[in-house]
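In the two assemblies presented below, subunit A is common to both, partnered first by subunit B and then by subunit C.
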Partner chain A sequence: MNFDATTIIYILEIVVGGLLVGIGVHFVPVGGAPAAMAQATGIGTGTVQLAAGSGLTGLLSAGLMMSVTDNLWPIIATGAVGAMIMIDATMLTGSWIYAYAVGAPFASAKVNYDPITGFSQPPYVAPGTVGQGIPTICYVSGTIGAAMGGVGGALIYYPLVMINNNPSLSAVFAIGIFLVNAVLASWNIQGTIEGFHDPKFKKWPAAFKACLVSTFILALVAVIITGGA
Partner chain B sequence: MTVGGGAAGAPAAFDVKKIRIYGLAGSVLGIYLAWILNTVTGTDIFSFIGAVAALFGVVMGANAVRRVCGYGIGTGVPSIGMLSLGMGVVAVAFGLSVADQFGMGALSVIVTLVYAMIFGYVVGVIANKVIKFNIPVMEEGLTDLAAGGAMAIMGWSFAISGSLAFADIVNDVINTGYIAIIFICGGLAILHPFNANLGPDEKQDRTLVNGVMVGGLSTIATGICAFLTLTPAAALLQLVVGFVIWYYFFMWYYRLVKRDASAVVGTGLLPPSAL
Partner chain C sequence: MDALSMGLVAAMGALATVAGASEDIDSDIGSQSNPNSQVQLAAQVGNPHRIYNKAIAGEPPSNALWCTTAAIVAYMLIEAFQMPALFSIALGASVAALFDGVMSMSAYFGRNASQKRFNQWVYLDIVRYTTPSIMAHVWITSFCIVTITYIQVYVLTPHHPFPIPVIALIWGLTVGAIGSSVGDIHYGGEREFQWRLFGQGLNTMLSGQIVRKAEAGLRNSIDNAWFCAKFGGPATGMGFGLTVFLDNWRTTVFDPVSQALLAIGTGVFFVIVMNLYNFYLERSARRKYGPYPGYKGDIAA
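Take a look at the complex of A and B:
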């Protein structure tokens, strides 16, 4: 094992990937258990489940592309698209349930007017709740977050495969890095966030610092691992 | 989101230091005992001891989840379980690979444990200092969690591969994808007990017994996987051991539930009016 320029680039790629995952979590509209009862805006599950879901789909699609080519850019793009499809499909089907089964109007409690559509929000927020469903701004924010998560996952996966030539070991290792960063980021937002318009989004520098340190420690050991027999 | 039920410093019948010592010693010695017996006898029949050793790590991890989440972390208990297994899987890959590169495959358990504990401590410091959780037991808890998760993955990986060699574990556990089963089943054993039992009446013994019970279920799962990697006799033995552990601790758990509940009433499957 020798630390040449390529190794340093690999470490940097893993660190940037980890940071993208950590920041990307802040974009995804995570509603948690309250959202599952249509009492808060966002997708009705936890950050880690969403991050892991989009990240794993991103890894899977990146891995598929990597079996065809070694070029970094199409791999990153495929990872991003895979993660975006995963989160968008989740938000879309979730919206159908909120709209047609729960019967809740989509409204954000964090802003008075949806920054994209300009629709007024407060009249539609039911008393005692903090918004319902997935308004346009959350949908767009979630798609951006998923793209960042997918790019991050692909950026972690790519150097690992280049180092150890073992896709399954790299995938498992990438999932480990992914989960650590996703959990640190979700702790930073205290479990729920609506997207980049949420006041909590301003806390991202803390997650940036946390993910930087943790990913760096992980990246240092990642480049040492060999692919086995 | 889940709000931590058991109040900070919830009453604990078992001291955390004792659980940590038993957890670390039990899992490390158990994995080595299984490895020595397998190597000396030249069979893979003792692989199930690795799965039993994993249960020690699970108890330590479940106790750490209980302590940290008792303060309320705002993101639900599953997040910390996934963090534990995420740190664990990285530590296991690192420990096995490094020990293999230095030609001392047997040292992998120690390397894994040391890296997991250091990394867990660093993440704990980050969580308290950068993310500003200010949970007094955070560093300690995450050190235990990372070690517990790493030992659980190590133990069950050994139970499937029957060997501590990096190449064997990569071929039998990682390339086959069984690592995903270990990841989720092991995660459940660590995160589920507190998630299921939390509340004002949460009791430490009930939570930990639940952890071992889920660990027994995970051993059944690895036993099924082992049919494709070990000899049928070894896999069958592991399956039976898993079932016995599950059954024993399930009955124990049921006794504790009856002890702590004000009343346990059978309602039948459905009320007659609904049929």
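Take a look at the complex of A and C:
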């Protein structure tokens, strides 16, 4: 294969996709194991797992769209929508459990007032916990994060298919690059984050740099391997 | 859009709902995911128990493994031996359930044996009657998910370009992520700590103080499945069912080639509706439950 201008654009697309995944993970409100005991605000699971679940659902939608069109825009838009539907359905059903089974009002421990709704938060934080449930700010932040993950996954998948015309091979490489970036970002987050209003969100430049280096190497490898196959 | 495609999407939604519910109940019986941190901790803070303990991996990777195993066996039988699809998928799910049985038992023996110094026993009766229940639920999850992938790849138009095992891997990860995010809260936030004050999450001071007595006798994991099957399991099923149904509905009703914009717009509409519904839930929970009485700060509720 030749390294012409088109190949370089494809590599850049993969790098941008990887960066979107890395930054998008910072938006997803994950409370880890404590949130499963309604002990922390956010979704009760790990960062990588939720980001992968939503982003890869978006990849499935993008893959289906790419089998019928070569136009980049509907592919990345449908990837974003697929990922947003998954994370919204998850957060919504999770909210049912917080509201109707645990019986707790939703509250964030990181801000005094919800920046979107203006609701006060500290009076609703249960004693001995750091918040519970998924307040509106976290829900919106999670939706944005999923959209970025979905767009990122589609942007990684699209150039690989354009190079080799093999959806199976491209999907496996896209899943791999996606997971590397999600894991790097979750190390930066150190377990839990509430969304873009969380002070930890300011650490995103570190993840940006790490994802930039790793995705660039992975993009080169992916293009060479899948293009030469 | 044709009637057959709509029927298939409905069937996929129903299968996904069953898969989500059985996935969550499997993780509750095995005490696999996030709330298992409390089960592990219980023995260490002086509460030995009869709860199963199979933290093989996080729910998403382990379910991805079972579903991919089932899908690979089914795919091989269908493609290489021209076996009937239903038989192949059932056999694939059985192989996945066997894998799960082996790993669950080794996880239970390993974890409980390593806690011997905390007086935690290995109960052989628990292994005998809990492991088959776990395997049965994994069978249902794998069967439903591989059937969904089969429909997506071979029946529904446009056919999905990914091979069956890759789609099963992704749906396995997704169902695990949803089970871990939704059903776990019912098990960890409610069932494990039923004696604390209702209406709040677990106070950090009470970590490891799990309930060990059942409605009759000592509590085991089957009791937990009985409780979580009432709400946590169905809610997880609803989450996964909504994901599979809504995502496929929009590309089935609207042609992805000529009506791509409508398909994407419908998805955005669903997203906005779900955001508004969560806002309604938040507002009604705040209004019904009110602030916590012990709050001493100066921010008004």
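FYI, the second predicted complex is superposed on the first by the 225 of 229 C-alpha atoms of A that agree within 3 Å, B and C clash if a C-alpha of one lies under 4 Å from a C-alpha of the other, contacts with A are read in each partner's own complex, and residues count from 1 in each chain.
The working rule: contacts are C-beta pairs under 8 Å (C-beta built on N, C-alpha and C of every residue); 3 or more make two chains touch, one makes a residue touch a chain.
As the structure is a computational prediction, the values presented were derived from the model and not from experiment.
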{"item": "Subunit A as common anchor, with subunit B and subunit C clashing or fitting", "value": "clash"}
{"item": "Partner touching more residues of subunit A, whether subunit B or subunit C", "value": "C"}
{"item": "Contacts of A:224 with subunit B and subunit C, given as first, second, both or neither", "value": "first"}
{"item": "First, second, both or neither for A:156, with subunit B first and subunit C second", "value": "neither"}
{"item": "Touching partner for A:119 - first (subunit B), second (subunit C), both, neither", "value": "second"}
{"item": "Subunit B versus subunit C as contact partner of A:210, first or second or both or neither", "value": "first"}
{"item": "Subunit B versus subunit C as contact partner of A:129, first or second or both or neither", "value": "second"}
{"item": "Subunit B versus subunit C as contact partner of A:23, first or second or both or neither", "value": "neither"}
{"item": "Which of subunit B and subunit C A:137 touches, first, second, both or neither", "value": "neither"}
{"item": "First, second, both or neither for A:62, with subunit B first and subunit C second", "value": "neither"}
{"item": "Which of subunit B and subunit C A:91 touches, first, second, both or neither", "value": "second"}
{"item": "Clash with subunit C (superposed arrangement) - responsible stretch of subunit B out of 112-120, 238-246 or 256-264", "value": "256-264"}
{"item": "Set of subunit A residues, in rising order, touched by both subunit B and subunit C", "value": "32-33, 46, 49, 52, 168, 172, 175"}
{"item": "Touching residues on subunit B, where the partner in the complex is subunit A", "value": "1-2, 73-76, 78-80, 82-83, 85-90, 93-94, 97-98, 100-101, 115, 119, 122-123, 126-127, 130-133, 166-167, 169-171, 174-175, 177, 179-180, 183"}
{"item": "Footprint of subunit A on subunit C - complex, ascending", "value": "33-35, 37-38, 58-61, 158-163, 166-167, 169-170, 173-174, 176-178, 180-190, 192-193, 198-206, 231-232, 235-236, 238-240, 242-243, 246-247, 250-251, 256-257, 260-261, 263-264, 267-268, 270-271, 274-275, 277-279, 281-282, 284-286, 289-292, 294-295, 297, 299-301"}
{"item": "Subunit A residues touching subunit B - in the complex, by the definition given at the top", "value": "1, 32-34, 46-49, 52, 166, 168-169, 172-173, 175-180, 182-184, 186-188, 190-192, 206-207, 209-210, 213-214, 217-218, 221-222, 224-229"}
{"item": "In the complex, subunit A residues that touch subunit C", "value": "32-33, 35-40, 43-46, 49-50, 52-54, 56-57, 59-61, 63-69, 71, 74, 77-78, 81-82, 84-86, 88-106, 112-113, 117, 119-129, 132-136, 139-140, 143, 167-168, 171-172, 175"}
